[in-house]
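See below for the structure under consideration.
Labels A, B, C and D are assigned to the chains in the order they are written; within every chain, residues are numbered from 1.
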Amino acid sequence: MATPSAEQINGVLRGFDALYGLELLEYGDGEARGQVTVRDELKQQAGLLHGGVYAAIAESMASLATAFAVAAEGSTAMGLSNSTSFLRPITEGVVHAHATRLHRGRTTWVWDVRFSDDADRTCAVTRMTIAVRPRADGQPPRAR
Amino acid sequence: MATPSAEQINGVLRGFDALYGLELLEYGDGEARGQVTVRDELKQQAGLLHGGVYAAIAESMASLATAFAVAAEGSTAMGLSNSTSFLRPITEGVVHAHATRLHRGRTTWVWDVRFSDDADRTCAVTRMTIAVRPRADGQPPRAR
Amino acid sequence: MATPSAEQINGVLRGFDALYGLELLEYGDGEARGQVTVRDELKQQAGLLHGGVYAAIAESMASLATAFAVAAEGSTAMGLSNSTSFLRPITEGVVHAHATRLHRGRTTWVWDVRFSDDADRTCAVTRMTIAVRPRADGQPPRAR
Amino acid sequence: MATPSAEQINGVLRGFDALYGLELLEYGDGEARGQVTVRDELKQQAGLLHGGVYAAIAESMASLATAFAVAAEGSTAMGLSNSTSFLRPITEGVVHAHATRLHRGRTTWVWDVRFSDDADRTCAVTRMTIAVRPRADGQPPRAR
């Protein structure tokens, strides 16, 4: 299977990722980068970027990067836990996400995701644990 | 300040909470209930309810319930950490959220949020830590 | 295999559990209780019960309870993550631990552990995720 | 106040840190290193280094490093949450800990601690959140 490019994946992102506006910039089996443009629809009641947006970005980036990496061996990836700490609010501009893999196990992968604002200040961090399981049908996932 | 009802809060929910469709059913300083109807726009690429939706619901419910409780003393509430474990996927119906306060400290409140499907099976759990801080202007928050 | 009693397990606890003094009171596949008597050797530099002690108790209780439950099916249990929140310091007396299973999956079990002091105030809470894996030799674990 | 050296701190470590054998190698307001020699007394029932030992090391290193950094301003430090993921078991040798500060806020500091074995493989990671509070007596802490 040819691994799709980040651009190709963005073209077919649907569901929640499309709703909040995930833009994948690059990904691989050890690292991924993405971003989301802050808009009023993504804020909580006090006008800050909603904590759920950080959690969603981390979840998608770590899951997608793991899924494409394990697809070749007929496995699938699913979020097991998402632990996000909020350090500094973002109210405008772009939230930048950088995912780094900490661990590549047989049954779990662990990623750290760092979120920064346009001034490159760390605004939130997520630790994602992804479960890797044999795919029921033995087929690699499609980039849908 | 008269504390607004859950219905009144729903009427003015905006931003991300309105985008994914949070519906608050009841809240107090020790417990809150809410729900979100699953729709394609809230799913991840494999067709399951996106992990970020659970995280967003927990964040909002714990933050709102804390904010209204500490408003009387001139304090404000903000998410400090959100730790969600995914136990069983949801693909349709309604996701039900039940938040229970574990701790009411001077500077932090801790909540557990349990998510269940229409068959009342536990599908995810979140531990939310909320920071409570003096409000800069000493004014209680508005239910905006 | 006859499942050993909590008393029998205490009699053979060794290593770290013996060092800090874990006393298991009861356990089953859905709940477990234990305790540790606070002593100077378990405190941190400021004189409070050390955070690592809570984490250790939760780790052992959830792991032991899961291990004995899955032994019959030839599986083994190992801690995957331990997330502890500290709510109120303990300086003397006994720390009481009550573990409740939240989820019993095929590959992961999730437990909540609540720690209380002698006045039954919640002092810390731990969420433990335990990985369940097939045992290499297919033999149930011994209560050593 | 002259900040004590890591060696001076080791000389006066007591309580739990002395019991499990923490050896601080260096520390500062942005980074700290320490180690513990694995021995049977630190293992869980299956013969692996007990998860509570990693949690304890992270707790102490992040708390001590924060405490000495905020002492000058009359503040004190206390663990708020400790979230440890276990990636690879250690059965012998030395466990090496490297703490890096992610965030230095007014009321919370956040640290990442990476644990490695003698072959420098990542074996566990901890995210520690430390609360920084004004010291009741306005006095800096002693290195006791």
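Just so it is clear, a residue touches a chain if its C-beta (ideal position, glycine included) is under 8 Å from a C-beta of that chain, and two chains touch if they have at least 3 such contacts.
These numbers were taken from a predicted model, which means no experiment stands behind them.
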Chain whose Cα centroid lies at the greatest distance from that of chain A
C
Between A-D and A-B, which chain pair shares more contacting C-beta pairs?
A-B
Taking each chain's centre as its mean C-alpha position, how far apart are chain A and chain D in Å?
30
Can you work out the whole-Å distance between the CA centroids of chain A and chain B?
22
Interface hub residues of chain D, defined as touching at least two other chains
80-81, 83, 85, 129
Considering only the defined contacts, which chain C positions touch chain B in the complex?
83, 85, 87-88, 102-103, 105, 110, 112, 122, 125, 127, 129
Mind listing the chain A positions that touch chain C in their complex?
80-81, 83, 107-108, 129, 131, 133
Any idea which chain A residues touch chain B in the complex?
13-20, 40-46, 48, 50-53, 55-57, 59-60, 63-64, 76, 78-86, 89, 141, 144
